[in-house]
Amino acid sequence: MKQVFKRPNSLRDVPFHFCPGCHHGIIHRLVAECIDAYDLREKTVCAASVGCSVFMYDYFDIDVCESPHGRAAAVATGIKRALPECFVFTYQGDGDLAALGIAEGVHAANRGENITIIFVNNTVYGMTGGQMAPTTMLGQATTTSPFGRDFRREGYPIRMAELLSMTEGTAFSARVAVNTPKNLMQAKKVLKKAFEVQLRNQGFSFVEFLSSCPTNWKMSAEQANQRVHDEMIPYFPLGVFKEKSETDIL
Amino acid sequence: MSKPKVELVNGNEAIARGAMAAGCKFYFGYPITPQNEIPEYLSKHLPDIDGTFIQAESEIASINMLLGAGATGARAMTSSSSPGISLKQEGISYMAGSEIPGVIVNMSRSGPGLGGISPSQGDYFQATRGGGHGDYRTIVLAPFSVQENYDLTIKAFDLADQYRNPVMILGDALLGQMKEPIILRDNKPGKFDKPWALTGAKNRKPQFLKSLYLNEGDLTQHNWKLFQKYQQMKAEIQYETYRIEDADMVVVSFGSVARIIKSSINMARDKGMKVGLFRPVTLYPYPEEILRRLSQKVHHFFAVELNTGQMVEDVKLSVDKGSRVDFYGRPPGSIPTPNELFDEIQKVYR
Amino acid sequence: MYFDVIIAGFGGQGVLLLGNLLTYAAMVEGRHVTYMPVYGVEMRGGTANCTVVISDQEIGSPVIHHPVTAVVMNKPSLVRFGAMVQPGGWLFVNSSLIDAAEGDYSKIKMIMVPTIELAAKAGDPRLANMAMLGAMIEETKAITQEAVVKAFKQALDKRYHKMIPINTAAIEEGARFIREGKR
């Protein structure tokens, strides 16, 4: 019998701890599929972050270095400079990258650091229990913005893919979603492009995933997917914001 | 044997050259007075050996780049001065927790806050008591001359690899800025097996470096393991004694003050006062057992520091009960002269 | 043997080079030696100074409050360091830029050195610092002139080595000034 679906080699054979309907599992799988697609499992080192994705090393069958909260881009810089032949990526949530680690992210991009950042934006702090994130939508109630985010108090949700597309060192910056099969297929295509940018030594590559958090959004999985479509995508448009041509080597 | 190579260099450059002699190929830092000759030298010379120099966006980024490079098994270093070292503490804690080696240089200045750029020993507690969060220790080496800046930096890399632990060089502005002739070594960098290093999981199982332990009992076990390691570090204790054989009173000082007070001790000896010096070179692990044994022969100790009283606590914890421990501290602002410290010796000597 | 000196002046007068050269020369003679520059914010504002300590024994402090010797190349340096010299010590004053020293210097040996004129005699008035060095070592015997000449090669970058003869000549002019007792 022909096998049409299997676990990527780069993922371990263990169940995810993620909540039902959470997109982390899907994004993990996409990343693992790309690692397999380019046969990178034996030459990949990941800088993990702090948040729901902290347990990466339990799921990915690759070398992983834990980073202090927000500092994954700096840790990845140290790894990549020491191991230029390895594929090096970070996997960071919105609190990690867009709040605490924004300096590390922007400067890694500006140096044209030849690493890939996988950014998971679910508009909320997941692991600590649903507090406001830098990407929390206007009006969205969280445990620390109980009356809804008000730009007069808390400012606006930050658009990281656009922001990082502005630095000269950024070779690739895009935003994708995985809330529908169509978006998921497109997300994989975009993610592959980001991988290829690093494999061609073109510099910094960045992919923002719009992700759901049904638990902290207090929604069902279906409602959460719908929210990504109805609320997030209009504010955080999907697309490629920066793409150096293949021949444009640093 | 060929004639040793002697050069006149300043203390910061001696550290940079010690690092290169130790095979350090990666440096990450952010400018701050009074240690800028370290990044300046390495930015110029690391490319000679295909090394990497990054002027990072912050001290926080620097320490985390060090963490990343160290995680691959590479020899790497960062340097800063007091306020910058405060920013690095989180990273140092993670390195200790994940058992990632690396060398951190603190050519300390004065605080608190922005303080000033004059020499100070106000970072003794921060260096020896962990500095960051959690029950960890950092090996701390305290040079007192430009030659020791060079020699102890070489040693720091070996200790970091041997114990899989961050190692700190604690100097100060005086030791960073002064020039002295030093003997350069034809050093063969120590070789250490690093099966734990992250290099891509080729022909082996994937591995990870982490400090998060949530399963019941795991963190306890991890902390005990670290504790065992800290116990083993006692084998590295290093200190200097000077004219203590017949001493009635032993001065205890480290770093630049130990250097200045040596002259004061000679003055005291010329006046017939039996005074000696005990100089800890490793501030962690502190030579407490040596000091305890010394306190069975000598019963009067005089701790002298460029702060208002930090290392004196370790002296008190080390010596036998019944020993007298006097203290003279100098807050930052001016460096005491040998004459001034001689006066202080005279005040407490009996 | 013990000698220390604070050398001070405007930035650009070559006081740090003077100190460095002295330090190298002491190194050539196999002595213990330390050199301590001012650094950081003190460098702003146009004044520079450094301290050199030379000894046959291990050197305690590289920082000296009351030096055996002070070399002052401009008026502000005289005001700041002149009164600090130990009784019996030397104060070398750059008389090309400083007219007269106010204050009581009766307990020290004050030596007025017309550095620019001496350097001009050697061929380049910009070598005033070297003329001062020559006068200082001739008077104090802190190090030999031969050691300084040897030290040039180490202290100066190779591209300046062609300048060594004229620098040496300026040092000799300073030394001759002391020998001939013209001060």
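Order of writing sets the labels: A, B and C. Residues in every chain begin at 1.
Keep this in mind: a contact is a pair of C-beta atoms (placed from the backbone, for glycine too) under 8 Å apart; a residue touches a chain by one contact, two chains touch by 3 or more.
Note that the coordinates shown come from a computational prediction; the quantities given were computed from them, not determined experimentally.
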{"item": "Category of the chain touch graph - line, ring, star, complete, other", "value": "line"}
{"item": "Highest C-beta pair count, chain pair", "value": "A-B"}
{"item": "Distance from chain B to chain A - Cα centre to Cα centre, in angstrom", "value": "39"}
{"item": "Chain A and chain C, separation of their C-alpha mean positions in angstrom", "value": "63"}
{"item": "Distance between the centres, which are taken as Cα means, of chain C and chain B, whole angstrom", "value": "35"}
{"item": "Numbers and ranges of chain A residues touching at least 2 other chains", "value": "none"}
{"item": "Residue ranges of chain B touching chain C (in the complex, touch as defined)", "value": "6, 8, 10, 33-34, 117, 173-174, 177-181, 259-264, 266, 335, 337-338"}
{"item": "Complex interface listing, chain C residues touching chain B", "value": "20, 23-24, 27, 33-37, 39-41, 58-66, 154"}
{"item": "Chain B-facing residues of chain A, complex", "value": "41-45, 47-48, 54, 57, 60-68, 71, 74-83, 86, 103-104, 106-107, 111"}
{"item": "Touching residues (chain side chain B, partner chain A) in the complex", "value": "26, 28, 52, 54, 56-58, 60-62, 64-74, 76, 90-91, 94, 98, 198-203, 206-212"}
